[in-house]
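Here's the structure we're looking at; comments come further down.
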Amino acid sequence: MLEPRTPVLTTNELPKSPLLDATGVAKNYGAVAALRNASLSVLPGEVHALMGANGAGKSTLVKILTGAINADAGRILIRGQLLDVRSPAAARRAGLLPVYQEPSLIPDLDVLSNLRLTGTPVEPFRAWVRELGIPNLDIRDTARDIPLAILRVLDLARALAVEPDVLLLDEMTAALPANLAEKVLEVVRRQGDAGRSVIFISHRFVEISALCDRATVLRDGSTVGVVDIEPGIEEKIVEMMLGTRIEKTRVAARAANDVAVVGGSRPRLSVRNLQLGTKLNDVSFDLANGEVVGVFALEGQGQDELFATLAGSIRPTGGTIDVDGAPVKFSHPSDAIQAGIAYVPGDRTEALAMQRSVRENIALPFSAGLRKWGPIRMRREQVVVSGAIGRLQIDTRAQGEVQRLSGGNQQKVTIARWIAANARTILCFDPTRGIDVGTKQEIYKLLRELAGQGKSVLFYTSEMEEVQRVCDRVIVIFGGRVVDTFPVEEADEPALMRAAYGLPRGARADVGILADVRPASDAEAAS
Amino acid sequence: MTDIATMPQPVSFGRRIKRFMADRPLIPLIILLVILVVILQILRPGIVNERWLANTAKFAIPLAILAGCQTMTMLTGGIDLSVGTVATMSAFIMATQIVNQDPAVAFLLAMLPAVLIGLVNGIGVGVFRVHPLIMTLGTSLIGTGFLQVYQRTVIASGAKIPDFLNWLGTGVTYGFPNALLLFVPVAVLIVFMLNRTGFGRLLYAVGDNERAARLSGVRYWQVIVALYVLSSLLAGITGLLYIGLIKAPSLSLAEPLVLPSVAAAVIGGTSIFGGRGGYTGTIIGALILTVLTTLLTILQMPEGGRRILFGFIVLFVTAAYLRIVEDR
Amino acid sequence: MSRFIRNQGWVAGLFALLIFLFVTTKLIQPGYGSGDFGSLARAVLPYAFAVAAQTVVVIAGGIDLSVAAMMALTSVTAASMMNGASEEYALFVVPFVLVLGFVLGALNGVLIVVTRAPDIVVTLATLFVLQGAALLVLGAPGGAAAEWLKASVIGTVPIPGLPDWADAWAPKALVLLVVCLCIIWIPLRRSRLGLSIYAIGSNELAAFRSGVPVARTRIIAYALSGLFAAMGGLSLTISTGIGAPIPGPYLLASVAAVVLGGVALGGGKGGLLGPIIAVFVLRLVRTDLTLLAIDPNVTAIIEGLIMVAVVMFGAFITIRGRPVGATP
Amino acid sequence: AGKYTIGISNTVQGNGWREEMICAMKAQALASGEVAKLNIAHRNTDAAGQLEDIRNLISAKVDAIVVNPADPAGIKAGLEEATKAGIVVVAVDQAVTEPSAYIISNNQEQYAYLGAKWLFQQMGGKGEVFYMRGAAGASADSDRDKGFKKALAEFPDVKVAQEVFTGWQQDQAKQQILSFLATGTPINGIWTSGIDNVIVDALVEQQAPMVPVVGADNAGFVGQLNTVKGLVGAAVTNPGSIGGAGVTLALQILDGKKPAQQTVLVNPELWENATDAGKAKLKSAADPSLSPEWPVSISIPDWTTYTKDQIVACKGPGE
């Protein structure tokens, strides 16, 4: 595939004047300062990373640059011209096109209408969609019926189709499985080669190293530095982002016999021949007490349905689920919760009451059952909730309403809920989606700790290296069935990828750009 | 990670006041109410006296309880348009059954349709997922029909207002309307329920994001059925109070309260889309509407002008309140 | 095909229900003929316009409580302007009243955008304002309508190439309705503006981010609602020959028909055809009840039951027919 | 037993007066023995809705339609179509402009004039009156307003202290009178458009000075005129049984006995408790067994033939 990219532009050279130049941007929400003093300068043809911890203000800056919100202060120049972006429409006219952190297609319109609404030409859009690895999109499909990952790609294709001067991608790859993320990176990179600029936000260092020329780092709403991307720069970026060096935590998977000791012989969860229409065929696996089992799959292989079924959200059409050796039938998520199985969905808008407080969101399961409808023991709740908040280091400056938290902090609330409820089994669907490096480490540690306490975790991830970081075992799903199981020592990326594409062991899979740069910059592992 | 620090920044006095009010949305609402009362006093000096206060409270109370039904249902993204019919039914049945039944039996008979309608509403909305507006509109049509059929069977026996309800509805003790004896516990209960009980939490959660509530183990239909039954029960009790106040059982007794009850809840800051609001604001909203009605009654102007003015004041009050409370 | 079922299944089902009702009607009253169908079309006219007015704003994510009052105001305005005036003067009155409705509707939208108050409060306030204005225009029912206007809904339209018996089934009122709605709706539906209306109803934030001018679109949606309401008001004047300042029962009827017609309260979904068919269904049900000489008190019960049952059935089949893994 | 089908159209539901009217129609249809079936369209609607009902009744091929018009002019087209279809049309309670229709009506203007005149005389021809009207924009209300204004013109020293619209709603009326009493404005008399017993209740509850009150002959108010201490007042008859009279008229026409003129006006009576003769009349009229909202004049001599039991049972032929 693509050659590893060698940066063509560096700060010192500055061959051209910046295409986009923002300085002194500030934005307050009541008492919360989302941005204090941010600046960002992007050269023509450059892929520029915007980095920062959760809540640093990246999304806010993108929204300001694209007219979705108005800044309190700051100056934005485009091609040297002062720009007053008062609305997304104005930003479009100036050649700035965003893909926001949340999908922006209108849910009740079909794709074609969405294109017409934004005046996007259809043919280029189709071409981009194919290019991005979705061969058979029906543009008469209603956006609401399209899975999140595909929606994100459509958002991108829609932006690409109008050939923007500056493309702003806010955590574009966070919700994508490996194969789609791969394509996105390829396309973005060619965008840079074609002389257009891209502002790229991601918490994945691999992608940054593979793709970007320079990075601007935000901390607490201020720009703390601009660096050239070169091998070994990751550690410096992390330090700039977080203000401190983070503690090295290589979470080691424990040996299989350890698991047996903690867990006893009976598996916590035992799935046999699970069937769900055409989506799941004959899925079987065990999850022991004290075990973290990874699930790896490409987009749309049935992983969503598997999790939803285990969580009691959908009824399976066949097969059995045993919990602690006893067969169970879930007809509602509350049945699963009763059996100690909690589900953290990948899409946080599915898990959070956005207008309610962090506290109420975390405490929600406590009131769920009929017996818990009475008076709430407020002090006990306070203790439990703040314990969970502390454990996940949730930034609660804007705790009145969850919708005011940054994306990553919202994600943490979805996990904190089940930590507080002390669930015995957690089904995590991509829990680190959009979470910054520092917190990711915390979450890995947390999952391992839970396992250490004898709890069990089923863990779907779209990032291959997470598998090795936290799991004891990995199952790979392809076409709605479990095609392979690896102990963590054997779960290297070529092997996972091969299995994920449904290829037999030993065959060569197309693993692309990420695999190529991997050995050089395993940033998070090293830090 | 990110340090938990708020911005130490000099804030202007105006902004501080605004933020203070935004944190306590009740205060601006009360201020708006007081302004209306002052205007009333200026227009008719001397009107604001003990007797007026008691009368205002008497009429605001039934409205406030029905608005409580709206508040609770609106929190879940619903609405209960059947409260008017339910209140009328229980009032009418009470007044006609008391003639030759034991009071306790009459009371139970009066509350029976309330429970039934609440149950049907709850099942329709919670299980069959019918839109609450249509569901409650439908049951209120059905209820009205039944009431009219029923009415024909009792024309001969006449009607009577039980003395107790009369005392509760119109009586005043030491300057306080007796209706407060009913209202204060009801209000305290609703406020407590919304803020400090699991059920209250669920109303907000279900209204905000039903899927999230479901994934947290909440069974939607249970919450909704309980809610609509509760709402209907409150409406039924309001009907009894109201018949004590008006003392004339008619087939449309409480219908005129339905739209104002929705308005009171919305003016009080409850969102019709669910997930946001509370009962204390609603109570002030009901008071504002009652005072406004008085204000317009005593104004000497053509009826058309009065209605125009009413519309504009309602709009102004809501808009002003939003401006003050919103921190943008 | 499956997409057609998903998108148009509800409308098709309603249409089947309508056909079923026609058959029933013919069975109840074998003499039911084209003349009676003409009566039905005339009865449908004001309701259909009210529903069209409501549909536009509901699709845009709002609700318009002022439709009935708007109809009353435009109706009395037209009636009082035509009172004692020449026949030709009506040629000026009609466009004037339509523009009036459009402007007042836009005013609703402007107030919502400017005050940022919820649609339901703003239109509740304008309900009172418009009612008041109607009373100022005409204190009691009165006024007149030009003869040619009255004639425009009576009789049938000779359609070239069709035999007389077929023409008889094309009452002028129906043709007028279809023409008025199509002239506005079809181009709208195809335009970017139409898409924008759906977009702001579906997800306002996403629409804004897609570059939709949200405020302007909302104002236009309300203006169109005002325009349709004005048509409704005119149709009232035309059919009764007078203007009445008290709003008729069109508000709740419009909301009910919107929901029955498959338009989601909440916005973004549905079309105009469903609600219009729903209006025909509701009117035909009333005809059947009259033809059957059902006890009038029981008719209220039956109407309520039908409304609830149809929506419940719809909700039930959507629950059943939901694809695996979709939103609960 | 009977041979005719009679259609009925009414546009206000849930109000005691109108309910009595419907019951009177049913009772009379039953008592006459000539009616096979009643076909009743009875709901809350406007003139356009009434047109719809009338046309449905035409479709149902009734022999006669008795209608309480939502508006005198607004349903002209429908009535004309009915006559053309050979259906006998009788309007009750209010007049209609359609010339082919027969009208048997309470005289609304006279109703208001009679009561107001008596009230102003009681007030000694001077002072302030609280004027509580019906529903703004209703045609019966504006007719009554004409009568009231006519009386007012005869008493130049009587002033209207305050004019309000009760909307013919008990609760609104009560809130209005209480608000008004709270202002402390002195008044010398109250005229109400038939929402009367709540007004007396309010005066009693608030221990306000009793002033003369004029209302309608509703059972509740008539009872109050007999029993409430210090209350001077008058009830003006406005019989809901006019509905029964309408059925009688329709049957007469169907039987070929056309009345001399198209319009029959039933003139109201006034029962006051200021004189002994008046008191006696009120005593005999009072009927505590009726719902307080029902007018006590449940029959009209020469026009209705049913018994009290029949109207109270409220059953038509075939029920």
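Letters A, B, C and D mark the chains in the order given here, with residues in each chain numbered from 1 onward.
Throughout what follows, a residue touches a chain if its C-beta (ideal position, glycine included) is under 8 Å from a C-beta of that chain, and two chains touch if they have at least 3 such contacts.
In this text the structure is predicted, and so the values were computed from the model without any measurement.
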Query = When B-D is set beside B-C, which has more C-beta pairs in contact?
reply = B-C
Request  = Provide the C-alpha centroid distance between chain B and chain C, rounded to the nearest whole angstrom.
outcome  = 30
Key: Whole-Å gap between the CA centroids of chain A and chain D   = 73
Mean-CA-position distance for chain C and chain A (Å) = 46
Request  = Could you check chain A for residues that touch two or more other chains and list them?
outcome  = 313
Key: chain C, residues touching no fewer than two other chains   = 134-135, 139, 295, 297, 299-300, 327-328
Request  = Send over the residues of chain B in touch with two or more other chains.
outcome  = 144, 148, 152, 211, 214, 303-304
Key: In contact (per the touch rule at the top): chain pairs   = A-B, A-C, B-C, B-D, C-D
Key: Partner chain D, residues of chain C touching it in the complex   = 29, 31-32, 36, 39, 42-43, 46, 134-135, 138-142, 150, 154, 236, 239-242, 244-249, 283, 286-287, 290-291, 293, 295-297, 299-300
Task = Can you check the complex and tell me which residues of chain D touch chain C?
result = 5, 13, 22, 37-49, 51-53, 55-61, 70-77, 135-139, 141-142, 319
Query = Can you list the chain D residues touching chain B in their complex?
reply = 13-16, 19, 23, 136, 162, 164-165, 167, 169-172, 174-176, 178-185, 197-198, 201, 205-206, 220, 288-294, 309, 312-314
Request  = Using the touch definition up top, name the residues of chain A that touch chain B in the complex.
outcome  = 28-33, 36, 53-56, 220, 242, 311, 313, 332-334, 337-338, 343, 345, 349-356, 360-361, 363-370, 372-376, 378, 393, 395-397, 417, 436, 438-439
Ask   = Across the complex, what residues on chain B touch chain D?
value = 44, 46-47, 49, 51-52, 55, 58-59, 144, 148, 151-152, 155-159, 170, 242, 245-257, 290, 293-294, 297-298, 300, 303-304
